[in-house]
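The same subunit A turns up in both complexes below, where it pairs with subunit B and then with subunit C.
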Partner chain A sequence: MRTRLRRWSLVLSAAALLSFPLASWAQLTMYDIDKRIDMESHVGNITGHAKDGKADYRRYCVVCHGPLGDGNGESFPWVDPKPRDFQLGVFKCRSTPTGTLPTDEDLFDTIARGLDRSNMPQWSTFTKQQRADLVAWVKHFSPRWATEKPGTPIQIPPEPEVTADRIRAGRDVFARVQCWKCHGVLGQANGPSAATLTDDLGRPIAAFNFTEGARPKCGDTDRDIYRIFMTGLDGTPMPSYADNIKPDEAWDLVFYLRTLMSQHSKEKEMAKQLNLKPVDPNAPAGQQ
Partner chain B sequence: MSMWMKFRRGQVSSLVASFFLVVLLIVTASPSADALPAFARKYGLRCSACHESWPMLNYFGQKFKDNGYQLMNDRDAPIWQSPGYWPVTFRMTPIWHRVSTGKVLVDTYSAGNATPTGSTIQRITTSGFDLSGLDFHTGGTLEKNFSFYLLPSSDPTGAFHFESVFARLDNLFGTPWLNVKMGKFELDNLLSEKRILTLTGNGGIYQIYHFIPVGDGNIFGQMGDNQLGVEVMGHSWDDRTRYSASLLSSNDGTSQLPYGNAYTGFFTASQAFDTGRAGVQRIGGYAMIGEAPTTWLTSGGASSYILGSGIGNKGFSREGFFGQFYFGQHIDLQVVTQHGQDSAWFGQGYGDVIDGVSSVNNTTGTTLPAGSRAPTWNGVLFEPHYVYSPQLIFIGRYETIRMSQQSTPGTPTNLGNISTYTVGYRYNPFMTSRAGFAWHNEYNWLHQDGTGPTLGLSNPNINTSEVLIGFDFDF
Partner chain C sequence: MHRYKFANLLPAVVLVCFAALIVSRNISVSAAGEGKITGTVKLDGTAPHMKGIDMSKDPYCSKAHASDPAHLETVVVGSGGGLENVVLYISEGLPASAASEAPTTVPVFDQKNCVYTPHVLAMDVNQKFKVVTSDQTTHNIHPLPNPMTGNIPWNQSQPPGAAPVEKFWKAAEVIPVQCNIHPWMHGWFVVVKGPYASTDGSGNYTIDNVPPGSYTVTAWQEDLGTQTQKVTVAAGGAGTANFTYKPK
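And now, the complex of A and B:
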């Protein structure tokens, strides 16, 4: 009995020792972070400097994202979705392929646009210089920027003309890649998988409800919607469909998604005239 | 060098050293600004997000207000809040202050005589502990794009009145360019007197928002007072461009229609510019153009005025420019100018007889004294700030108002001119979403030409000063 206890003690001690470096990686200290205080951002002809973003971060951002940028600010317990952990260097709104770092412009745009259906407001009152400085400050929290380059933005072909055939084709794509499993056949975020969704940190997360009138988190232009499902929302269950959907099909899907949204659109009008039915999850492939 | 001089020099050096030590302690003891803003309980933001220093708004806070106390992030409707959420704040300020008023007419007594035997002019200085009134702020949204504000406010004795009450329809037709509110509200002054950073009697208001020439009977053109009416305002998505137009009852915010059927318009427009590292600069203009009664019907005698019976409307106007200039993250300068004009009737003392501001009534056949003119004046206000951090702000202000034309020819040209300056600082040792607290220190000095008692003097000037120390808190 005593030997067994000793053995377990040894195993636990070894596990604790082994996990120490992982724990220290997960929780960077101010000392680790300050080493990257010279971080810069480049947006157009503006250069942002991390040290110049510090004051604005303390004034506007620290309450949610925390002094260490780990998303553990004083409002953390009260806000949902939880604030982003900048130390991980994982961001939802990117123009770059899944798994890669976003460009400086991506972060720059996110600050001004805010994130609908979250506590992140639109910081559109900042000057461009302020936003560029904040981008540099956000980057300086994560060691990823010291070792990796941002991904190359995906190519988005010019938007074609909306036609009835394209809307029907978009419905087929919606069925084929099984968007309905999370978003529901009517886009009401009530698909069979919706209740089980969690983010990468294991926290429950809701699928986007197209019918509520809310704006998609990463922008609400047609190009933004195209970009969202072709790059995925890293850190969430929303994957990139770049390998499953061809660029032309992606535009078809954008047009179909517009028909699900409550906002008035040309696509919605056309779907009404077509008497377009929702996807049938039980229909054989290609027979929607 | 004498021992006394050495002592004095040593004492002065110690005082200077102590002063800098105190400043150093305050500056270095300011913790990183871990504070939360008003409405933070709803949105999880800190006070400093919306306030340059509480209660003065910064640009983001102004946008929040212009959106109807909404962040426009789909969490604005109260349905998103815990049922226990109550959007309310109490604010009150216990203070110690010392007020010194020059040239007060004082009775004199001869020995053994209980009745005054003469008069003299002397300075009166009073000091002691005191209280502000209680402000009971509640505001927010009733539903997405339906916002409200309600502010019952008391004087220090606890007598309440409604300082502000309005409901607002926000983003009508889905555009931020059209918002409508009705009720009693602060005029769209971007340098807001209701969010002023100073508290003394003369420094706690903007003189330029309240100026009335000596002997003038028009109380209705006070831009600093909350007014009753309807306001249409709009702004661009990022609030860089703003406009507002208000139609107000000419009653200086007094309910129950005590004056008459007269209206005033208040208009503003401004544009902000991105100037890189310096910040966002804003310039704009405003105009207040209105009419107010000078004639009152009576019943039962010449001084028995019938409430609400005012007619004989005469005009007045206030117009000017304002600027909000930022020089990096720590220094800014707020500027307001004004050119004001009242009808000659007001200048001759006709106007508000209801409150006794005027004692003359413009009844049938009344004529103005020969040569009477419309009084006009010009003023300017400068208010620089040094924002060390959201928790520590140093405030300065200089205002001057100069009469450019007196109503009565021959009146000294400088009668009623005002010059005033205020300096102070506010230190917030903490800020949370639950409460705010400021250690407030301030000094104000005000000079007015020719309004002192004329006991053997010709238009004597008056200087008043006030020093104030207080705890300004809300929760």
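And now, the complex of A and C:
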């Protein structure tokens, strides 16, 4: 009798074990996450260790991102945009194609840069080692890093010289791929589709307004802007244009976007001299 | 001399005969062994009213529907109460080998007149599919799977004349698809394991390549939910499973 019971308990526990992967469909538990505590990050010649990032995370990050890294910290109800859910492994600021994991360096840069117009400050006071450890800690929340590799970063050719022709060509790209549908013809985030935009979780989200002097969330160098529209901002309505804008055209578009920004720039000066008109949304495709 | 030539050819002849035998055997085996499941999915009751879609935000889209107004496609009822866009698949009883084979056909999801055609695209796990655009306006194709399943969300633009986007999904999941530029554009990728079918305009379907056996067939409708039925397929035969939904 006892052996039979024991046999049954074995079968039952085997069944319980087999059904365990189903748990990952729902919220991960601390138990699942702890299994990845050996996660590392590699940025240049620095190696980050998840377990060394824990203390900084508990002190500085947990309030928003939560003890389980799901973005459900104590401040969740009060901040907008909402804190990132690290368990999903979906990130806005990447050098890698849409639908792929970011590189360790992408996360490392995001921590120092912060996210403009959100509650994520610039953590530039951390040492590089601290940041690398935090990157490893952030990664250990998501099962994706156990099974997937980060995407291959997109190639960005050297920045060419700004010319009037390039700015005009950039305007044509802006018209052709219809950036203005959301961002508006003047970059004021008032295009016909701007009002209904939602993020992947169905929460309202605004298109970037180029005219308010704000910095783009994923960096404000020319290379950052190039990267933003070529990789897309995963989790948001901003798609990747990598298949539809050639690398050379992409630089043209960067120059044209500079003319829309309120910040002073060489491009803005040149556009004024060219007397460049905004694109006409009512003209047929190709003639805007 | 003559005999020598024939002896030389003999192995080749034997090989060809063998190859022919093997090929013919394989064909006959699959033709005799694999059956199918057919049936009709119907709505028992009056078809719910489908709201019209206001596309005035994009003149290209509203012009395309000037004479043929677009409506939501949540429940599409055809002749005789047949339900369109229902996905049928084998949810239980499929041998592991049959479940893991992805078909080589490439289903196509078209963005045409600012509507997804078809509204529901069914596919197998790891089966390649294509997203194309027939429109002279920019779309962004943005599927929203749950990343915890292993399916990773992505978001790609398709301006006029864009090349097709070819992808596949790693796991079985019902994935909503949207275009953020045209918020009314909403469709589904229904990713299942093993053979599947979608109903046509009259609610008819046929799941091909079903090995003989006893199965549970599941019908999925985006608004009316899922139903299941037991079906037995004999070698080379056809099982039948008809489904009836009640309006909500």
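Just so we're on the same page, the second predicted complex is superposed on the first by the 263 of 288 C-alpha atoms of A that agree within 3 Å, B and C clash if a C-alpha of one lies under 4 Å from a C-alpha of the other, contacts with A are read in each partner's own complex, and residues count from 1 in each chain.
The definition used in the following text is that a residue touches a chain if its C-beta (ideal position, glycine included) is under 8 Å from a C-beta of that chain, and two chains touch if they have at least 3 such contacts.
As the structure is a computational prediction, the values presented were derived from the model and not from experiment.
*Asks:* Should the superposition on subunit A be reported as showing a clash between subunit B and subunit C, or a fit?
*Replies:* After superposition on subunit A, subunit B vs subunit C: fit, no clash.
*Asks:* State whether A:Q87 touches subunit B only (first), subunit C only (second), both chains, or neither.
*Replies:* The second partner, subunit C, only.
*Asks:* Between subunit B (first) and subunit C (second), which, if any, makes contact with A:R144: first, second, both or neither?
*Replies:* Touch status of A:R144: second partner only.
*Asks:* Just checking: does A:Y241 make contact with subunit B only, subunit C only, both, or neither of them? Give me first, second, both or neither.
*Replies:* second
*Asks:* What is the contact status of A:A55 with respect to subunit B (first) and subunit C (second): first, second, both, or neither?
*Replies:* first
*Asks:* For the combined overlay, can you note the least CA distance between subunit B and subunit C, rounded to whole Å?
*Replies:* Shortest inter-chain C-alpha distance (subunit B to subunit C): 26 Å.
*Asks:* Which bits of subunit C are touching subunit A when the two form their complex?
*Replies:* 57-60, 136-138, 140-142, 144, 146-150, 152-160, 162-163, 165, 180-183
*Asks:* Quick check: in the complex, which residue numbers of subunit B touch subunit A?
*Replies:* 32-34, 36, 40, 43-46, 48-49, 59-60, 63, 71-75, 237-239, 274-277, 279-280, 329, 389-390, 433
*Asks:* Touching subunit B in the complex: which residues of subunit A?
*Replies:* Interface residues on subunit A, with respect to subunit B: 52, 55-56, 58-60, 62-64, 67, 74-75, 78-79, 112, 114-130, 214-215.
*Asks:* Would you pull the subunit A residues touching subunit C in the complex into a rising list?
*Replies:* Interface residues on subunit A, with respect to subunit C: 24-26, 28, 87-90, 98-100, 143-144, 147, 176-178, 181-182, 192-193, 196-198, 200, 232, 234-244, 282, 284-286.
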